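Some structures are shown below for you to check.
Both complexes below contain chain A, partnered by chain B and then by chain C.
Coming up: the complex of A and B.
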């Protein structure tokens, strides 16, 4: 009787221990934190990124989570911090994230936040003389060119606008040889839109033989575009390129319609290839042509878009990057043999950085993303145009 | 821990910005030019360290002096106008400064790289602190030493004739003039001192964020600058500090988790605070150290309760 009781107690003890170990393994978590503008004028970008990250990690967790170095599985835990597109707040948020057990951060939204934020990170890895923050950042939205070069702790999965617009204007030249002149409209006080017009669109247009016959400038918070449109009407351009975000793009397009300005081709900013533009001014945006690194052109992209919508967001080229970043990080965590314990946190962060630096190709929703040595990416893209209230693929340069 | 040190850095630079407006407000003038002086300080100090390799200390002193000199020049014509006209005039100056930096491109080559303001692209790589081995807490201590020195200087000034003169002009210009005070000298002096403090603050700010651009130094920053001393109260320098802690610590950082509601609450709580404490959080007459230490002890008999002998 005594032996039976002893055996029972032993079996019970072992099984409890085993169950506790399983529970502990299931309780293991890896924290990946997002941050960006989730409120204010450009808050929609952060909200979409947050939804995309959340949907992607939910998918990863539903498929069993990520495998750690010891062979155990861990779930990915995430949250999203709002920096209101403010540089000081962005820096504060990143310091807060780095002071927790987060492995890596995905963000920010705004290029004017990204630039100072990357500046507080250590510029060169292993530089003993540089006391900058040593924390990996994998950017999804801030798209202004050349920012990843600021620090070796920064990696971006944003498309190369210079290549996209160069290709777009080359394609326009080939398919519309009759077009000669272009007029630019630029949202002057936003780092991304300003950079894209002056350093990307304008350069590409001139390179492919378009004559710039004028430029109109406005601000992100402007609501009146009559003067700018008047100048545009006088110039009678064949092509109008608007380097602005959805809010003022719609304002300008409405004013152009009111003043009956009808260019043969309308070109928009990558960030405007979103639902916001269509919900704001679908009729006026009809024909607006934009290169984008996301369109629901295959099953995977369609499924991802649906998952993001289910989380209350919209999939566009920016939030698609957030989704891709989550998936890339899953692969990285498994390949880099992350320990996932508080003791290995610093080492794990370094492993993530090194693995991202070594990556040459990464899977994306439209195909393989080429990773560059300076931390930037070259992503597949398509040209879309607004047609009957939705974005329709006009041309796929990769096909 | 670095997060809290980083937060303390934000409190420090904003306190300097608020104190720069505090000095001017003591003379009864509402200046929206502080963001402009802050910008001048930021670009000057950034240029001194990133372009010319100076140490941070002379860099921010030079930044303060340049801002002070410009504030002095601006003070003469701007302070001839009063009230709303002064607000408009100083606002116009602030915008002028912002647009100047929007157009300023001046870069020098150091070690094969270009450093300096690049117009609308801003001024990148003002990385004196990390490149010279300063840890986050070193920077925080440095900032708060500067803040403490400025606060002590203003607190001391407030207890001297100079402080009394500033407040006299602020309370009643006509009365101040009738006792022989030179209004222009007092107001321009206050504007110059405010410019110096804003320049110091801007200089430090540029080094904490490593990248500055014209857009940061707009009307919103100018509004924050005057909001700090008004919300905190003009009774003492500690009112400004308290307002900075309230706005930056509680409303911005503390309510971050509230997302979109934070912006709404931000305005509502400031309106509420101003209604509950119309003369500022610390009021017009800040409690003195002696009276704080006597808390709990019975107050001395007032004249009314004393028996006449």
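Coming up: the complex of A and C.
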């Protein structure tokens, strides 16, 4: 009788111990935070990124979380920090994030924040003379080309605009051999739009035989575009390329309609392939052609878009990168054998950095994303155009 | 000087003058409040923007026609103007002049944030009238919608002048503006006059906001800063406290920014407008029509 009771107690003790260790594993969390502009006039970028990250991590957690080095499972905890698209605030936010138990950060959204912010990170790993911050940043939105080269702690999953526009103008040349001239319109005071026109669109257009017959410049908060449109009207271009964000893109498109400017092809900035443009000026944007690294063209992309909408956001090329980053980081955490304890935090961050640096391909919503040695990515993309109030796939170069 | 340059110059001038009426309306709002209370309401542009959003909400929710949207924008802005008065001016200590100024700065940021938060910063379509109407005078095109903006702004100014110079309310407002203590002794309630001034200024701001959004066809929180800055420049040039000055200042700012855009490009345009402001502040701080008469 005594032996039976003793055995019972033993079994109970062992099972309690086992349950306790399972519970402890279940309690483990890994913090991956996002940061970017979640308020202010470009706050929609951060809000969409935040929604995409939340939706992606929720999916990962629902499927059991991530596996750590000791074989236990951990849930992913996330939080989004607002930098208001301001460089000083962005730097301060990243320093704050690095002082917490966050393993890696996804962000920022604005290129004008990204550029100085990447400068506070250690430029070369293991450079003892460089006291820069040693913290991995996996950028989703800030799209201006070549920024990952600033620090070896920076990785970006943003589309390669130079490749996308090069391909777009090559495609236009093939399919519309009659088109000869192009006129550019650029929002001068925004790093991304400025860079994209002068260094990407213009270069690609000239490379494929389009003659640039003029350029019009305006600022982000401008409300009058008649001067700029007048020059465009006189030049009578076959193609008009607008490198601007939705508010001024809409203002300019309306002015073009008013001045009866009817180019055969309208090309827009990657960031304009969003709901904002359509909600602002769907009629005037009709036909606007943009290369984008996201469109709901397969089941996975559709499901992801629905999950983000359920979180109150919208899926576009930027928030799609946030979703992909979350999924890539899950694989990285498992492959790099992350300890997930306060004691291994520094070592874990380094493992994340090294694993991201070694990555050659990563899964994406439109297919496999190629990872480049400089921390940049080349992502699959499609050409979309505005049609009947929505973005419709015009051409899929990958198909 | 080639033909196209002359056409461009005249066209820029016409567009600038027409669009400048919105700056004039904002300038009048600033100047009315300053004239009556001797205080600057820096939340004015933001209140105008918030009122414009009230109008656009009706457009998006009920597909309200443009006149209703414009009216709601104006009334909404008027109501917000009254709220701003109660929050930032009515109860702030008069012996600390900076208190109301800083309170209005706080209100500017608050309203701006609230609008951005509610709209997610996304541009929304704003109804226009005569959007694609153009009056062609040779090579000069006069935009129908800007002509409408100009007309509405002129009517608003006309109504304001009638209110100020032909009604007891206007008499009371001018009395408080010139001699508040004497006006109070004559039985005029300064608080009521201040309240109405904020309401009327708000309505004018709402009209300016609505007309700006109607001219672009899109409404975005981005326009608040432009309205505030250009309105302030207009009143400094015209003379703080002078309604004709605000009108002339607004037209001047509208025209000169378009001319500078033509001559020097967009990146230098605002430098010259700011230089104009600096020159006026230095050489003629009272502006073009600034009153030199004191008050009690």
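The rule we apply is simple: the second predicted complex is superposed on the first by the 381 of 399 C-alpha atoms of A that agree within 3 Å, B and C clash if a C-alpha of one lies under 4 Å from a C-alpha of the other, contacts with A are read in each partner's own complex, and residues count from 1 in each chain.
Convention: a residue touches a chain if its C-beta (ideal position, glycine included) is under 8 Å from a C-beta of that chain, and two chains touch if they have at least 3 such contacts.
Being a predicted model, the structure only gives us computed values, none of them experimental.
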Is the arrangement of chain B and chain C around the shared chain A a clash or a fit after superposition?
-> clash
Mind working out whether A:96 is in touch with chain B, chain C, both or neither, as first, second, both or neither?
-> first
Touch check for A:215: first (chain B), second (chain C), both, or neither?
-> neither
Figure out whether A:257 sits in contact with chain B (first) or chain C (second), or with both, or with neither.
-> second
First, second, both or neither for A:166, with chain B first and chain C second | neither
May I ask you to decide whether A:119 touches chain B, chain C, both, or neither, giving the answer as first, second, both or neither?
-> first
Check the residue A:226 against both partner chains and state whether it touches chain B (first), chain C (second), both, or neither.
-> second
Touch check for A:39: first (chain B), second (chain C), both, or neither?
-> both
Is A:188 contacted by the first partner chain B, the second partner chain C, both or neither?
-> both
With chain B in view, single out which of the stretches 128-136, 164-172, 218-226 or 272-280 of chain C clashes with it after superposition.
-> 272-280
Would you please give the residues of chain A that touch chain B in one complex and also touch chain C in the other complex?
-> 39-40, 43, 188
Chain B contact footprint on chain A (complex, rising order) = 38-40, 43, 81-82, 84, 87-89, 91-93, 95-96, 98-99, 112, 115-116, 119-120, 122-123, 129-133, 150, 188-189, 191, 194-195
Please name which positions on chain C make contact with chain A in the complex.
-> 4, 8, 11-12, 15, 19, 113, 116-117, 120-125, 131-132, 134, 141, 143, 145, 212, 215-218, 220-223, 225-226, 258, 261-262, 265-267, 270
For chain A, which residues are in contact with chain C within the complex?
-> 39-44, 47, 188, 217-224, 226-228, 230, 234, 246-247, 250-251, 254, 257-259, 275-276, 279-281, 284
Quick one: which bits of chain B touch chain A in the complex? Just the residue numbers, please.
-> 1-3, 6-7, 10, 120-122, 124-127, 129-136, 208-213, 215-216, 252-253, 256, 259-260, 262-263
